[in-house]
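Letters A, B, C and D mark the chains in the order given here, with residues in each chain numbered from 1 onward.
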Amino acid sequence: MDATPAFRYRRQVQFAETDMAGIVHFSVHFRYMEEAEHALWRAAGLVIATPGETTGWPRVAAAFDYKAPLRFGDEFDVEVRIGVVTRRTLQYIFRIHAGSRTIGRGTVTTAFVSKPHGQPMKALDLPRETVARLQAAVEAAART
Amino acid sequence: MDATPAFRYRRQVQFAETDMAGIVHFSVHFRYMEEAEHALWRAAGLVIATPGETTGWPRVAAAFDYKAPLRFGDEFDVEVRIGVVTRRTLQYIFRIHAGSRTIGRGTVTTAFVSKPHGQPMKALDLPRETVARLQAAVEAAART
Amino acid sequence: MDATPAFRYRRQVQFAETDMAGIVHFSVHFRYMEEAEHALWRAAGLVIATPGETTGWPRVAAAFDYKAPLRFGDEFDVEVRIGVVTRRTLQYIFRIHAGSRTIGRGTVTTAFVSKPHGQPMKALDLPRETVARLQAAVEAAART
Amino acid sequence: MDATPAFRYRRQVQFAETDMAGIVHFSVHFRYMEEAEHALWRAAGLVIATPGETTGWPRVAAAFDYKAPLRFGDEFDVEVRIGVVTRRTLQYIFRIHAGSRTIGRGTVTTAFVSKPHGQPMKALDLPRETVARLQAAVEAAART
């Protein structure tokens, strides 16, 4: 998997992200994955959320396997790849590593929905253009 | 100050709220104050925020003085009092204590604004009825 | 699965847990699962973490499938069950629901490690007594 | 105040930092101030926290005045200045701005303590060398 192209997002562990065990709290890795996803969107010239909009990209699944802890001040990279794309779901595949040390691997699967004010969310087909631009941005990043 | 009536909100420290120093991160106390404020709103039969609304209660100032640390599992109370009320701002005064141990004291000052979609916020006069109900809820809580 | 005994943890969505999409941020569900796990530990008369200790329970995997969003003020229950237990890993299975509405299902798998100061973590066999007490607490909760 | 030298820390608002009002939650500004403080420590060649250490820099006071909201994707700068320094407390003064728009101003006051394992914190005199290096780093940054 890691031989395929990836978009890379660099980050440093902040103090408030640690817990009393001295390591980054396990819920924070999900924020790191999302930050990397959004950096990919920006690289693709896209914005994933704007105030007051009536569509959105809610998550339908998220998972992470932890291989090594992150500590305050650690610099790490989040690699983003596009995984399985169906008519209505888009999966991102992530690998976090700090230098040669693998921190872990995860996935986040999103849907695309309409959410008129005061109404429940309703799943829509993914906008193809958006998916194509995200895939192009991953490939462009991998070439640099 | 602490002899005046107060509304009380009870809470226990969660693991994710601690940091690598082994104590609750200092930014979390601001969340505790807000949770107590919102519990007061509920006690007053009010809801401070609803989806899609075009008014809101943004904060204009917040402060906390830390006297003693909170640790994982600590049970504590947040006392809420109504402080200075002006035409356009409402101040809450908080004291956090774990049993007889004072954790600290803080204040949060809010404004009331209109925020039509896509427009900047605009300060409004506070709704008097809301302020009166919050004050009544503090006094009612203090009697129980 | 849901017919087996479960421990229940009740919670209300706090304002700071929402995001600009108007729903609870997807990373927060992992905090909810952990809070429920720790409530189970307390119900079992156990404490999962103490300051300065040289053992710990780091997570090796975490996952959540989202079925419906949580919003500010929603009251919900986190059901905890003990899943697969191996010599060195303990899996919890969670279901979050708000009344009859299923919010989602997740799992968290933990290991037990020694972590002498300044040394890397080292996996240990799970303490059997701890696992037995957690299982007993789930069953005791299910009877009430 | 703003004419004196300042250290600058640049940051972009992340999605998880917003709340259902569509703006950065008011508790997050305290994390932004701390991140800027820690960036200053790194610029000074210092590390504010290491695992297992028996001294620390707990906060004794924190405050922020909010002038304008931050939204998802906003790029902003946190200016850090050294404020009042006493024998036992060090105050940082912060200004957050997004381009020409002032987001707000705040202060964080820290103490220096010993915290032997299992013992309460005890205030110590500030290490002069540390304070001098932080002040030098602010001035060096202001010249670049």
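For this structure, a couple of remarks:
The rule we apply is simple: contacts are C-beta pairs under 8 Å (C-beta built on N, C-alpha and C of every residue); 3 or more make two chains touch, one makes a residue touch a chain.
Since we're looking at a predicted model, the values are computed, not measured.
Farthest from chain C, judged by the mean position of CA atoms in each chain, is D.
More C-beta pairs touch across one of B-C and B-D than the other; that pair is B-D.
A straight line joining the Cα centres of chain B and chain C is 28 Å long.
Between the Cα centres of chain A and chain B there is a gap of 33 Å.
Chain geometry summary: the mean Cα position of chain B and that of chain D are 23 Å apart. Residue positions of chain C touching 2 or more other chains: 15-16, 20-23, 27, 31, 34, 49, 51-52, 71-72. Those residues of chain C lying in contact with chain B across their complex are 14-16, 22, 31, 34-35, 38, 42, 47-49, 51-52, 71-73. Of all residues in chain A, those touching chain C in their complex are 20-23, 26-28, 30-31, 34, 49, 51, 56, 58-66, 69, 108, 115, 121. The residues of chain D lying in touch with chain C in their complex are 15-16, 18-20, 22-23, 25, 27, 51-52, 71-72, 117-118.
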